[in-house]
Amino acid sequence: MTKSATPAYQAQQWWHTDIIDMRPGEIRYRGYPIEELIGNVGFADMVWLMTRGELPNRPQAALLETALMSAVDHGPQAPSIAIARMAMTCGGSLNNAMASAVNVLDDVHGGAGEQAVELYQSILEYQAGGYTLEIAVQEGITTWQRERTKIIPGFGHRFHPVDPRGPRLLQLVEEAAERGEVAGHFVAIAREIERQLIAMKGKPIPLNIDGATAVIYAELGFPAPLARGLFCLSRSVGILAHAWEQQCQGGRNKGPLPKGWLWPYAGPAPRPVPPRA
Amino acid sequence: MTKSATPAYQAQQWWHTDIIDMRPGEIRYRGYPIEELIGNVGFADMVWLMTRGELPNRPQAALLETALMSAVDHGPQAPSIAIARMAMTCGGSLNNAMASAVNVLDDVHGGAGEQAVELYQSILEYQAGGYTLEIAVQEGITTWQRERTKIIPGFGHRFHPVDPRGPRLLQLVEEAAERGEVAGHFVAIAREIERQLIAMKGKPIPLNIDGATAVIYAELGFPAPLARGLFCLSRSVGILAHAWEQQCQGGRNKGPLPKGWLWPYAGPAPRPVPPRA
Amino acid sequence: MTKSATPAYQAQQWWHTDIIDMRPGEIRYRGYPIEELIGNVGFADMVWLMTRGELPNRPQAALLETALMSAVDHGPQAPSIAIARMAMTCGGSLNNAMASAVNVLDDVHGGAGEQAVELYQSILEYQAGGYTLEIAVQEGITTWQRERTKIIPGFGHRFHPVDPRGPRLLQLVEEAAERGEVAGHFVAIAREIERQLIAMKGKPIPLNIDGATAVIYAELGFPAPLARGLFCLSRSVGILAHAWEQQCQGGRNKGPLPKGWLWPYAGPAPRPVPPRA
Amino acid sequence: MTKSATPAYQAQQWWHTDIIDMRPGEIRYRGYPIEELIGNVGFADMVWLMTRGELPNRPQAALLETALMSAVDHGPQAPSIAIARMAMTCGGSLNNAMASAVNVLDDVHGGAGEQAVELYQSILEYQAGGYTLEIAVQEGITTWQRERTKIIPGFGHRFHPVDPRGPRLLQLVEEAAERGEVAGHFVAIAREIERQLIAMKGKPIPLNIDGATAVIYAELGFPAPLARGLFCLSRSVGILAHAWEQQCQGGRNKGPLPKGWLWPYAGPAPRPVPPRA
């Protein structure tokens, strides 16, 4: 029996990875020894290396870092943040509160960035097929609304008439494009979507944080699902901060409303338990 | 009824925070407008601002960033990483896999850093009370083992005879102390613990990643529970990378062993269901 | 300002429910006082009352109970069970282990029951439109494979040539149908799917536990998403039992393979960290 | 190399269990074939078999079932229930909502039952050592408050002056004790604790649901940690029912307060981002 056919080899192979190599006293990520990475690369570099396989150049790392730092928190009315705070009063540790909260960064709460990258990429494909930017965006929006949903991911906000993060992030991407650090295709697409949405709706449906960070992730070449994953990393910071603040404030079994408040009940009127058939 | 006595105010007050202020079109963290933070501060700065209330200076941010980037992953034999990979084959999204995995960064798997900060701080208190470093460390270890557990948190590794991250991280902290960026009390404490453990055990029980990052967190003034929270942020990167790699590899319902392998059963022998009393 | 227009009322209304009504000293579920329910209704009755709004009759409760008890566990090679056991060695409590495990009962691992109910219901609609059972099943399978996926949910097993739970559960449903306790439409549909799959594949693709419990849930009138929710309740029992057994066995940071085993690394060869552009 | 020394055997052994045995076409729990269990034992029997190793007799199963059905829900002001409802509006599935919610059934929210069993058992040990019930309870309370916390687990409620579940559950246990189905030691202990707390506090600190179900779990011989695990099973029913009701109600990103409500911010006043040292 050759080594590769042994059950032991097969069991180990079941967990094979391209990310990390280890021997006693030695740890390498993507081939780089950890003791050389420490002190030489930053946290955003490490996020890139781990998810992409190579180190980014400095402008790439700077843009990634900007996307990560810009989406950390949107306050305790966001379900994820409220959940982190409530969880922290139930007796678990910060890791438990972070888990319950990150878990809800799903399609509706944390998935718009992933969807926006998909939309942007579909539009770039129309352009690659020979369409002008304007027509490609029209096709992209029409197809999205027909095949996915009426909601254009990454645009519009229920609270902010203009999300202050959107314009600032786009400006930074455009500056990077002018310096040749990114191609700038996706920022142009986002601008054109915004322009067409104004025409369609008769009012601004401005780029929101998911749409703006999706521009960065798309410019940097991240696959769409990682836009969600990176948002989870980013929002984990706000989740941690609020969980910790709640721990410092104290409290036990924090409900959504102050203690003593009750909800209205709209079910069947009081009734006795009947005999059973 | 004054405004502060209204039920509506009380309901809002139930969610009061010092972290984030929001009005339509405006978001401020700790008083700083988001559009000024974007492009001017990094991700580690933001982690610090959100959890501590003020921005760090650049050396502080650099050390925090180093701690965060150094603990991202320890491979698929770690329960958190294995869970992330298994979760990803069950049909959920990256946020779900990250949640199930971060959740297990609890006392045993992710809590050693928090415990190490507590140990280091207790030793510094002995020093503040007039003990020499050597005696303070003796007292700290003795008290910890009497009141908590025999395991000295942050020291020893079941796999690495020397964890390559430990010496490199301590070196960076000592350099920062020489430049006056941190006080250096905790790196001295960690060195002395290591020295005494050799004497106690007759062999090196080297500083591990939890003990080393705990030195940084303690030098930077983070409260002990945040050492666990920051580890969760850090390890979330490895969790994300492995979950994503697994998604790219494909697979459905990935168990711990290759398909077709069975576990040994050691319970009661086959038996019929008895009639019930 | 009328009472219903006050902010306080609106805040309470935000959490309105038809499930539970409470006053100090009084708790009613769906109108029934808890002290009358206690001692008079069983756990499965309560599951039904909470999710459906009314109490089941005894035969309905018996069938629900059978579905719940039959799917509790499929051993530690199932990702959910392995995760529960690994989680338990990381320092958290049973609730944390249960959470990380239930979380992965998603589309692939726990969603087949929900999908099977959808498939069965679509076939019943074809029958309601005048098709024979045979043609309705053909249409149902064809449409499912065209619009959803090639995999027919609830049929086939990677391990069991015949899942011993399937025939026994169908037999019980058929006996209930003969007694007039359920209509029996869905058990007939499942039998016909099984028959056609043999013809299509040239070998048995037998009903599995998801497909069999889906027959029961459909016969009892549960909406499809609850088939997944009820499976989570059921599998939570196995998750709890394995987490507890692991706690009794002890162990710290249980990885997927025995301690000391390593995974094969297939990424870039060892390389130094390069200077950065 | 003997079979037991092969790496393959060791890998399988890593996952050994006494709970479930499987071969193709065959599943046994604790030795019982699944097809014999189906139709012959109920859901509570299965919970007992899986966690304890043997089938309960009918009175034992009935008491367990009563404990499980009595604690399913305490309304949307409970953090677990609110989290389940909020999670459901973020785009995940029922399993994800259940996970985020069960996760917070930790020491404070779901751990009182476990603690109450520990307290009761410590009192029974004092009795076994020769103390009268009265003295044993005094010792138990004093020791608990000295070594653990001032809060006597299982007694008192912030909302109900008398928890309607407590008296009814104790009554059922006493009836079971009169029939010789349980010993009745723990119901007597709970009654005496209640009596002494009135004397200590000058007002009733009545038995709550955690304390009452803990009496049942203790009478039935469950180890203390399983009281928490069984509570998780029980409360999962309410969590599921509320998550499902929320899904039927619809909504996106449900925060703790109605849309448009804001929290008060009490952090630093608006300020510009400073230059960095």
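Labels A, B, C and D are assigned to the chains in the order they are written; within every chain, residues are numbered from 1.
Assume contacts are C-beta pairs under 8 Å (C-beta built on N, C-alpha and C of every residue); 3 or more make two chains touch, one makes a residue touch a chain.
Worth saying up front: this structure is predicted, and the values here are computed from it rather than measured.
The most distant chain from chain B, with centres taken as the mean of CA atoms, is C. In this structure, the chain pairs A-B and B-D differ in their number of contacting C-beta pairs, and the larger number is found at A-B. Distance between chain centres (mean CA atoms), chain A to chain D: 34 Å.
One simple way to say how far apart two chains are is to compare their mean CA positions; for chain A and chain B this gives 21 Å. Distance from the chain B centre to the chain D centre is 28 Å, each centre being the mean of its Cα atoms. The multi-chain contact residues of chain B, meaning those touching 2 or more other chains, are 8, 11, 13-15, 17-20, 22, 33, 37, 41, 75-77, 82, 92-93, 96, 99-100, 103-107, 110-111, 159, 256-257, 261-263.
Shown here, the protein chains touch in all possible pairs. Taken in their complex, chain D has these residues touching chain B: 8, 11-23, 28, 30-33, 36-37, 40-41, 53, 55, 57-58, 92-93, 96, 99-100, 103, 256-257, 261-274, 276-277. For chain C in complex with chain D, the residues that touch the partner chain are 10-11, 13-15, 17-20, 22, 24-27, 29, 33-35, 37-39, 41-47, 50-51, 65-66, 68-70, 72-77, 82, 85, 93-96, 98-100, 102-107, 110-111, 159-165, 167-169, 172, 225-226, 228-230, 232-234, 236-238, 240-245, 247, 257-258, 261.
Within the complex formed with chain D, the residues of chain A that make contact are 6-8, 11, 75-80, 82-83, 86-87, 89-92, 96, 99-101, 103-111, 158-159, 252-257, 259-263.
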